[in-house]
Each structure stands twice: as structure tokens, then as C-alpha cells.
Amino acid sequence: MSETRTPFGIKAFDKMISGGLLSGTANLLEGAPGTGKTTLAMQFIYNGITQYKEPGLIITFEEFPQQYYHDAMQFGWDFKRLEAEGKLKIVFSDPQTAIEELSKIDGQFVKLIEEMGIRRVAVDSITHLESLAIDPYELREIERKFINALKRENVTSILLRENDSLLGPVTQVTDKIPFIVDSYMILRYVEIDSAIEKAICMLKMRGSDHQKDIRCFKITGHGIEVEQKFSGREGIMSGITHSTPQDAFVNAFGKK
Amino acid sequence: MSETRTPFGIKAFDKMISGGLLSGTANLLEGAPGTGKTTLAMQFIYNGITQYKEPGLIITFEEFPQQYYHDAMQFGWDFKRLEAEGKLKIVFSDPQTAIEELSKIDGQFVKLIEEMGIRRVAVDSITHLESLAIDPYELREIERKFINALKRENVTSILLRENDSLLGPVTQVTDKIPFIVDSYMILRYVEIDSAIEKAICMLKMRGSDHQKDIRCFKITGHGIEVEQKFSGREGIMSGITHSTPQDAFVNAFGKK
Amino acid sequence: MSETRTPFGIKAFDKMISGGLLSGTANLLEGAPGTGKTTLAMQFIYNGITQYKEPGLIITFEEFPQQYYHDAMQFGWDFKRLEAEGKLKIVFSDPQTAIEELSKIDGQFVKLIEEMGIRRVAVDSITHLESLAIDPYELREIERKFINALKRENVTSILLRENDSLLGPVTQVTDKIPFIVDSYMILRYVEIDSAIEKAICMLKMRGSDHQKDIRCFKITGHGIEVEQKFSGREGIMSGITHSTPQDAFVNAFGKK
Amino acid sequence: MSETRTPFGIKAFDKMISGGLLSGTANLLEGAPGTGKTTLAMQFIYNGITQYKEPGLIITFEEFPQQYYHDAMQFGWDFKRLEAEGKLKIVFSDPQTAIEELSKIDGQFVKLIEEMGIRRVAVDSITHLESLAIDPYELREIERKFINALKRENVTSILLRENDSLLGPVTQVTDKIPFIVDSYMILRYVEIDSAIEKAICMLKMRGSDHQKDIRCFKITGHGIEVEQKFSGREGIMSGITHSTPQDAFVNAFGKK
Amino acid sequence: MSETRTPFGIKAFDKMISGGLLSGTANLLEGAPGTGKTTLAMQFIYNGITQYKEPGLIITFEEFPQQYYHDAMQFGWDFKRLEAEGKLKIVFSDPQTAIEELSKIDGQFVKLIEEMGIRRVAVDSITHLESLAIDPYELREIERKFINALKRENVTSILLRENDSLLGPVTQVTDKIPFIVDSYMILRYVEIDSAIEKAICMLKMRGSDHQKDIRCFKITGHGIEVEQKFSGREGIMSGITHSTPQDAFVNAFGKK
Amino acid sequence: MSETRTPFGIKAFDKMISGGLLSGTANLLEGAPGTGKTTLAMQFIYNGITQYKEPGLIITFEEFPQQYYHDAMQFGWDFKRLEAEGKLKIVFSDPQTAIEELSKIDGQFVKLIEEMGIRRVAVDSITHLESLAIDPYELREIERKFINALKRENVTSILLRENDSLLGPVTQVTDKIPFIVDSYMILRYVEIDSAIEKAICMLKMRGSDHQKDIRCFKITGHGIEVEQKFSGREGIMSGITHSTPQDAFVNAFGKK
């Protein structure tokens, strides 16, 4: 009944999810622009290499490796050096090629994973697969095939997905991928006291229940730091955030 | 006027629904990704076999049997062994084949049901039937045919359906299947005090009135445990959940 | 100025609508899945036969007569016997045939109505007519033709219609049929104190004003029982139900 | 600056609109099914004949004259007799014919209006014109042509229009006709204390400002009776109706 | 840095907008049916002629000049006489012709503007340009061309635009014209205490900041009179209007 | 880890964003019509030239340079003179040409940037690129290509984008460009006390966390002045703005 965990190396978050992601699973990480998807994915890869000795692979469909070198270095993560040391590989690809190379037994990615002993993979972003099919059933097949290929290689993967809902309600799952993956993390903007904060929540996780707190997080000079639950707020994930009425009374009149 | 019931073996929930599902009926179980649809269906099948001596069948259109063996084992349910003992069968199929094999008198599923004495069936997920027709009237016919085939075999079935409404209002029935089935269960995420909880409700059940509480449930190491009603919350099923005003007053000032 | 009434035989409801439906009219009964449309229609037919000596006809486009025998028997209504006694007829048909047979002077339904002296008709469900035309103006013509045929036979009919709005606002009339019929009843789910209740309202009724209360109703072992108005609730029909503010104050602090 | 008025003969309403509709204008009357559009139109025609000696014409695109005879008689208005006396004409037509006959100098309607000295016209309903064109600009031309033909004949007309918004917000003008007509009346359902009431409002009226109260109205045995403004309610026309907060306080604690 | 202003001659409004519209600019005036767009435009033209000696031109795509003579006369503005005196011209045209005649150096409108010394133009309504193109980028080009032609002639123009949002939120700019014009005025219905009032707001104005109050206005026998800001109301322009909570407390308990 | 910053020269805003935009990045500036996008962009260019000695380029797809000369002069910024001095260039272009000239090594823009030593670029507006492709994936490629060309030239650019959401919720990212750019600023209208105010927020900024306050700003005779956070308001960016409940209590009863 016990399972191997692949931690993020972010203590407060790993604790929420019973120690880490389930090893060998495919995990969706969704968020609006600027919520920190790429930062969290890079941190997962970086900590994997430096704290857990698990080589990592970043498959990117949009930015060149240079952007990752640069962005990671902001947090003191020297991706260029890690690549030179053979612990990290950043590959710029396109969705069609990526699927083919992952599916073939001797494909580029398969060989890379095996040769480098890759244990962690980040895909930035799975959203680009959506350009491969108009029919939703065909797209679902493509996404499933991609995910199965990753799982067959027994790596723990984070699949980034762009969420168009900037603020306000997340009304709908707009793609079937949340039904296919093993876990589903959401990053959200939250407006509080005329400022924008960020929330993280592990909504779905295969297996027994994990902690489903909606936590505040910050992006510091050392990467993401997960903090407490939001207090006295309603509707963070499910709609327009606002103070709970009791919080409002207490703020105005003091606590009984 | 009395009818045979097929219990889930989850006491609090069976009590809500007057002892169990009506035997021989088709029952819809709908929920967003990660709400526990598959867990509840597996528990229905597992308890059927172990507590009520009713052999079970799982028809799956997406995951391979291995995923079920693995996921069930997290709850201590040894599906592999049950299959070996001839009490359970997990069949990976596709919607088109499933319908054909269910409709033919000597079809694969029909023979399986008869030979194994199958009493309970779980279909994961009925959503996949939607790929068979674009026209809503044609789809309705397909879904009705599928359901009628199951009912003709006199098994009690649970049909899983993916609901795209993650959080916030369930505005619309997006398919006609809720009008065709004998009962309609909904699993929902509910945001309470900056955490995500889960709710279950039996919305529709053919025959006399059952209890229509919206209950909180947890997924523990032993499967689903149904708990109390949510107190002091409005809009759980029908929209954005928030504290009732009276609850807010009481929390701030104490009860009179 | 006085008109003949065709009562449901449900006292509290008949009282609301000035004694019953106007005899010879076509009446729309709309509701989400599981709200009790079929039960109310069966009760209208059953009470018509047993209390008012008015033979009844059920035209069904989806379920076989067996389902009605079974479901009615849950309430102690022996439809099979009534059919044997020539007081009831349940006909499984399809929309195209039904319209033709109703429109021809010597059509199946026309002959049936005349031979059996049918006074009450239930159509389960008028929604199926929607498959006959894509153009809304053409559909309107079909629906009007169907309704006129029923009115020409001078029967009092209940036309069931599936409403896709499960909970939350009924924003829109999604078909022109409410403009054509003589009355328009709506059944609704209402979430109150973390449970789902049911509401009935006669929204439209040709002629002078009837009572437009939104009443709570239950489905008991004897059929539908209409109870009081909901107290201290807003938005039952028009949107998200919630406590009225005054109700909230009173609950928290007591009544002045 | 003074203009002739054509009163409804409903005192409270005529007062709101400075004595009546402007004579010779085209006036839109919009409402959901069952809100009383036809009743108000019939009352306008009936009172015109009996109180103001102005012969009336009803052009109907859906119901046969018999339905009007019957419905009017519920309010004690003997339309059959009025027709026999040459003071009223009810014509069943179709949109295409109606436009042609109104546009031709010697058309059916033109001749009728002149021969009978018709001063008031009701069109039930203008919605049917929408079947004549898919292109919104073409439809606008058709509607304008229809309206201009009526105005050229110098009659005061009421154009009924079906509004699909049953309850809840009237979000949008769904057709350009409100921009073309001389006045725009809206009938609405309003949910208050778990019952459905009816509201009337004259939203637009060419010329100087009229009273824009939103008034409650009832349909009695003598037709429509317009009552007071709704008190302590917000959002009647513009959204979900609810108690104003001050009303809630006063109800709970009494007035200061 | 100082610029010439073209006042409306409505004191309270001119004051809000620093003295008037910027001379030589194109100004959008948007509103739902009946909000007073045409009245405000006629008043701008009338006051221009009588108070500021600036000849005016009204280009109309829907109503004939007679309608303007009639409507203006309600406010005591004798448009017929002004036309006879060569100070005003009302031209009925169509969008295609209007654009052509405005674009040609010796076009009808250009010659008219020059010969009469036209300083103010009202276009009723710019909405009709939308019939000229389906493609939004093509439409934008047409609207820009039209606006540029007016600005080249150095007249100050008011472009009326029909807004389909009757009441409730103005969610979206539904056309790109607000991005092209020099200023953007909105007229709105506001429901207050069960009556409909009217609001005016100058949302956008090129150059330094003007007053962005949302003001109440009335249409009196002398035209539009702009009054104060709405007090104690939220959501006038941005959504469903309602009392502010503090206003509610004060109304119920009195001011501290 | 330290990076060069390109300040706006607006103290309060530069402070919020840790000193300025990251040099060499592409920055999105989005807002409804009239929110001040062009003013902010002109100020960025003007202050760049006059305070930081960084020559600037404005690429415009809609207005002619004359409009910029005129509008800038309202704030005392003499763009004509700056152009004459070789410190500024305003180029009217079209999207297709702009992309080509930016992409070619010896293209017009590339040569201009190199010859003039351009350090800052404003594009008014990037929205016009949307006319180049219907397919969203193709558009994304075009936008990425455009942005990469700017970044290759190592200029710091501001890309204006028209946002159609006038007031009320910004529900959705309507284009993928926010995911591609390095930072994402939003300008918004906010209704407060029956007047329209303006808010600015830097939602996304690559690298470590900046201040995410939602600040009020004014457009004065000297350009944009950024002020404090809004106090006691909820939902500024995420929905309908309203007073926080505590603010309402305090306003009515005074602070404890």
C-alpha cells in the first residue's frame, strides 16, 4: 500500500501532498499567465537534481533553452552547468515530434531518458498539443498517448497547462486532460485588499486523500515558498474572492 | 411495492438511499476530475463481491486493468486476486465494441455476465459514448440502447460520467443521459475555509422519495466514508458556496 | 365566464389553480431530471380514472409501457389492471408517427380517444418533437400542430418537457412552446440547508389570475403531496436560492 | 407641443404615461409567456371601442379568432358581438401577407382600416416577423417597413413581442425593434416571498419624460389592474430581485 | 496646451467635461433604446446654432427629417425654421452613400459642410455602418475612414451608437469604435427604488483627465438636464445596481 | 542575478516593479478604451529620451504621427522636436509590413533601431496583429515571431493591447499573448462612489516577485501619476467592485 514519492523539495507543499508526487506518474500543473508554472516546474527539476540526485529533462515547445538558463539563474539555479554535468537536458521541440520521439522505442526522448537516467520530466507546455487535433476525442487520444509514453518510461512528469481564466471563477474544465492525469495542481491569482496574491491547490491526486488546502505562495529570490491557508476568504478557487461575513464583523467590531 | 436493493456497503450512504440502489437499474455517477467517481465505483464492485457475494464487472474505455489493480490496492482491495477467483472481471474495451457486444444475445459481455453470474457492473466512463454521435438525438438513442442492454441483463450498473464543472455552479445538464437513467448521483468539490472538500448527493432516484441531503465525504485508506450534511453553507450544488448569513453572525457574536 | 376544470386530485395544488386545469387545454409541465414530471403526469391520469371517471391515455416516446406499470405500482397505482379494464391506454410511439396519427381524422390516436372516451392525455415527452426540425420556426409549427390536434379532440393534456437547468437560474425559455400552451407548470430543485428539496409553480395559466405561489412538494408512497410556500427564501425560480437577510437576522438573534 | 393621447382605459397606467400612448405611434409590448401581453392588448382594443369609440383591429399570426373570443369573454369582453357590430376585426394572417397587405395602397389591411375607421391595432405577435429574414439588417428593414406602414395609416398600434427571459436578468435587447418603435413596454415576472408577481414598466417613450415606475399589476376578472410600485425590492428589471438591505433590517428589528 | 471646446450648452455637463467636447473631434454617444441619445444629439445641434452660432448637420440612416422636426418641437426646438434659415440641415442617407459622399473632395456632405459653414454634425446612428462589413477588421477600417473624413472637415461630431445592454452589466465593448473615437459617452438605465432612472458618463476623453462622475439626468420639456451623482449606489455602470451597505445601515438606523 | 532595469520615470510605479521593466524584454500593456494605454506608452518613450537618454521608436498601426504630436503636446511633451533631434521616430505601418521589416536583418525597423540607437519601442497596438490569422495557433506563432524580433534587437518594448472588457469582470485571457510576453500590465476602470476611477496592476513579471498592488492612477496635465492602493474595495481586477463589508460597517458606525 506504500508508494514511492517524488518530492518537490518545497517543504510545506510536499507535506500537503503526503511527501511528494507519486513516482512514475503524470501530473498536471495549470495556471494563468504569470502565476509561476514554469518557476515551479524548474524548481521541481532543480531540487530533483541537487537534493535527490534525480536527473531531469525539460521539453519545451515555445521558449529556447537560453530563456530557461536565464530565468533559472534569477533563483540561483545554474541550469547551464547542470546540463554540462549531464544532470539536466533542456530540449526545444514541437508537439508532433515530441510525441513521435516519445512513442518510438528508440526515439530521441526514450534514448535520452535511458542514457541520462532521467527521473523527472517537465513539459512546457502541454497546451501546445491542442494544436494537433480539432476533434476533442482525437485530442484526448493524443494526450493519453503522450502521457502513457511518459509513464512507460517510469519518469515522474509535470505537464504545464495554460489556463485562460485570469481572475474570477474557474468555471469549466476546458480540456479532458484533467481526467487523464494522476494529479492536478492549480495556480491562481487571488485579489486581496487591493493586491494580487497567488494560491496553489492540489485538487486531484490518485490514491488516498491528501491535504486539499488552498495555500498562499510567494515567488522569492530562491524560488517558490508555500505559506499558510488564506484566512477569512471565500471563493478563492470557485469564484470571486471576498471576505467571509464573520471576518468582516470581526474586523469592524473586534472578536467576542 | 417493496423492491430489492443493491447496497454500496457504505452505511451512511446506503441509509440515505433507502438501503441501496434499486436492483437491476442503471445509475449515473457524475463528477469533476478527482472527485472520486472511480473510487466509489470500485468500492461498489468490491463490497458487492466481498460483502454481498455478487460478482462484478468493470468495463473501462480508457485505463488498462493494471491501473485498477494498482488503484484498488491503495484501499486494500485485491482486484487481481478477485479476478483470479472468478468473482471480478475488468475488461478494457471501446464504446463501439461495448455496445455491440452488449446488444448481441451471444455477445462477449452477455456471455461473461451469464457465465460469471455478474450482478454489478461499472462503466468507466459513459462519457466515451459521446464520441459515437454528433447529433444529440442519435446520441440519446445510443445511450438508451446501451442502458437498456444492461437492464435486460438485470445487473445493477453504475455509469461514470465526467463533469466539466470544476467548482462553482452546475448550470446545465449537458447531455440527455440524466433523463434516461434510474438514478443520478453527483460528486462535487466544495470550497470551505480555504480548503477543498467533497460533497455527494443522490439527486434523482426513480420511485418514492429518498433522502436528498448533500453530504460531505472523505476518501480514506479504506475507501469512501460518507459523513454529515454541510452545516451553515448555501449554494453547494446550485452555485458558489458561501456561509449563510446566520452562520456568519453566530460565528462572530456567538449564539443567542 | 365559468369554465370546466379538470382537477389533478391533489388538493393543495388544485386549490392553487382554481380547481384544476382548464378542460380541453394543452398544459406544459417542465422540469429537470428526477423532479417528478412523470410521477405528476401519472397521478393526473390515475386520479382522473379513479376519482373523476375520465379515461386516460399516455403517449410515450422513450420508455416502454412496462416501465410505467412498474413505476406507477410503487405508488399503489395498478396501471396494468386499469388498462385491462379499458380505462387507460399506454402507447409507445415516435414523434413523427404520433403527429400523423393525431392529425388524421381516422388516425390511431383519434380513434383511440373516441372509442375509449379518453378525457386526459399525458405526453412523455414533448421534448422529443425537437428532433423533427432544426429550424425554430418549423419546430414551432410542428408543436402548434401537435397541440391543436390534441385540443381539437377536446382532451385535457399534460405535455412533459425536459429542462436542462439542474439547479441555479432558469435564465431562458429555450423553445417557443411555453408561448403556445394554455398553461405552464415548472418543477424545480431547490437547495435548502444542505439538502435538495422540490418546488412547483404554475407560472402561466390562460384566463384570470391563479395563485402563483412557489410551493414545496414531496413524492411520498402515495404520489405527489404539495405543501406550503417556502419561507424566508429568495431566488427559488429566478436564480440562486438563498436566505432572505431578515430571515438570517431572525435566526441568529430571535424575532423582535 | 401638446399631442393627442390614446389611453389604455387603465387609470393607474394611463396616468404613468401622461394620459396614454401618443396617437399614431407604434408601441412595443414585450414579455415572457403568461405575463399578460395578449390580455393587455385585448384590453387596449376593447376599451378603445367601448370607452373611446375607436374601432380596433387585431392581426394575429398564431391563434385563430376563436381563441380571442374565448379569452376575451373571460374578462366579460364580448369580441364576437363587437365584430358583428363592425367595431372590431380579428384577422388571422401570416407575416409575409400582412406586410404586403399593409404596404399596398389598396391592400386588405389598408382597406379595412379605412372602411372601418380603425384607430387602434394590435399585432400578436411581431416576433413572427423574425421568421422572414436571417440577416439582422434585412430583418430591421422589414420591421421598419411594417411599422412605417402602420404609422402611415395613422393608427395607434401595440406590437406584442415574446421575451425568452423567464425570470432573472433581461441582459440584452435581442432584436433591433426596440430602437425603431415609439415606445417600449415590458412585462416581467418577479419572485417575491416565494410567489410570482407581475411587473409593468414603460421603459422608453418618445418625447418628454414619462413616469418610469416599475409597477405591480394583477390580472383580475375584469382585466389588468395596475397597482403600486414594488417597495423594498432591488433588481426587478435589471437582474435577480432581492430585498434591499434596509428593508431586511427594518423587517427584522422594526423601524427606527 | 489649451484647446478649443465645443460646449453642449448643458451647463452641468459642460462643466464635467472641462467646457465641452474638443473642437474638431469625433465623439461616440452610446445607449440602450430610449435612453435619450437622439435628444442629446439634437440639443447639441440646437444649442450650437442658437447659443454658439455654429450651423449644424444631422445625418440620419433610419428616420426621415419629419421625425426630427416633430421630436425636436416637443422641446420647443423649431428645426424646420432653422433649416429654412440655412443654419441646419437634416439629411436622410444610407451608410454606403454617406461614406462615399464624405470621402470625396467634392462630395455632397463635403460641399454642404463648406457651403453652410457647418461646425457640428450628428450621425444617427453609426450602428448602421455595421451592415457594411462582416469582417471586424474591415469594419474597423470603414469606421476609421468615416471618422477621419469628419475630422478632416474639422467639424465636431457626435456619433450615436445603439447599445443592446438594456439594464445590468455592460460587459463588453462589442465593436472597436470606442478605441477609435476621441471621446466616449454612455447613457444608461439605472433601477432605483422600483423606478428606472437615467445615468450619463463620459468614460473616455482624449487629453488630460476630465470629471468621470456618473450623473443622473432627466429629459424635461426643455431637453436634457444633468443633475448630481447618484449617492449610495454601487455598480451603476459596471453591473447590477444596488445600495451600498453603509447606505442601507444609515437608512435603517440613522446616521451616527 | 542582478538585471538591468528600464524605468518608466514614474516614481511610484517604478518602485512597484523593482525599478522598471527588465531591459530587453517585451511587455504587454492592456486596457479598455480610454484607460490611458497610449498616454503611458508615450510617457515611457518621452521619459526614456529626456531622463535616461534612450532614443525611442513608436510603431503605430492606426493613428498618424500627427495624432501623437498633438496628444503628447497636451502633456507638454514635444514629440515633433524630439523627432527633429533624432531621438524619437514615429512610424505609421501595417502589421504585415511591420513583421517583415522587423524580421529581415536589413529591414526598415532593424536599420532604424541600429542607426538611431533605439532603446525603447512602443507598439500601438499589438491587437492589429490579430487580423493576420484566424487560426489561434498560427496567430500565436506570428505574435511570438514579432516579439522575438524585438527582443533580438535588445530593445525594451511596450506592446499595447485593446481589452474589450469595459467594466466588470475580466473573465478570460482572450489571446495567448499574455503567456508569451515577459510582463503583463493591466489598466482598468473602477466604479467608486458613482464615479469612474482608473487602476493599474502589474500582474505578471518574469523573474522574482514584484509588488502586485492594484494602484489608483490619474492622468494629469503632466501625464500619468500613480497613487495609492484602493482601500476598502473588493473585486477591482477580478469582478464587480464593491465596498468590503468591514468598510461599510466602519463608514456607518465609526471605527472601534
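Lettered A, B, C, D, E and F in written order, each chain numbered from 1.
Please note the rule applied: contacts are C-beta pairs under 8 Å (C-beta built on N, C-alpha and C of every residue); 3 or more make two chains touch, one makes a residue touch a chain.
In this text the structure is predicted, and so the values were computed from the model without any measurement.
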Would you mind checking the shortest number of contact hops between subunit A and subunit D? 3
If you take the chains that touch subunit A and keep only those that also touch subunit C, what is left? B
Looking at where subunit A touches subunit F, is over half of the residue numbers used by both copies, so same, or under half, so different? different
Round to the nearest whole Å and give the separation of the Cα centres of subunit B and subunit C. 29
Between subunit B and subunit E, centroid-to-centroid distance (C-alpha), Å: 58
Would you kindly tell me how far, in whole Å, the mean C-alpha position of subunit F lies from that of subunit B? 50
Shared-interface residues of subunit C (touching two or more other chains) are 169, 240, 245, 249, 253
Sort the chain contact graph into one of these: line, ring, star, complete or other. ring
Residue numbers of subunit A touching subunit B in their complex, please. 1, 3, 137, 144, 169-174, 176, 178-181, 184, 201, 203-209, 211-214, 229-231, 233-240, 244-246, 249-250, 253, 255-256
For a test of understanding, state which residues of subunit A touch subunit F in their complex under the given definition. 32-35, 62, 71, 73-76, 130-131, 162, 164-169, 189, 191, 193-197, 218-221, 240-243, 245, 247-249, 251-254
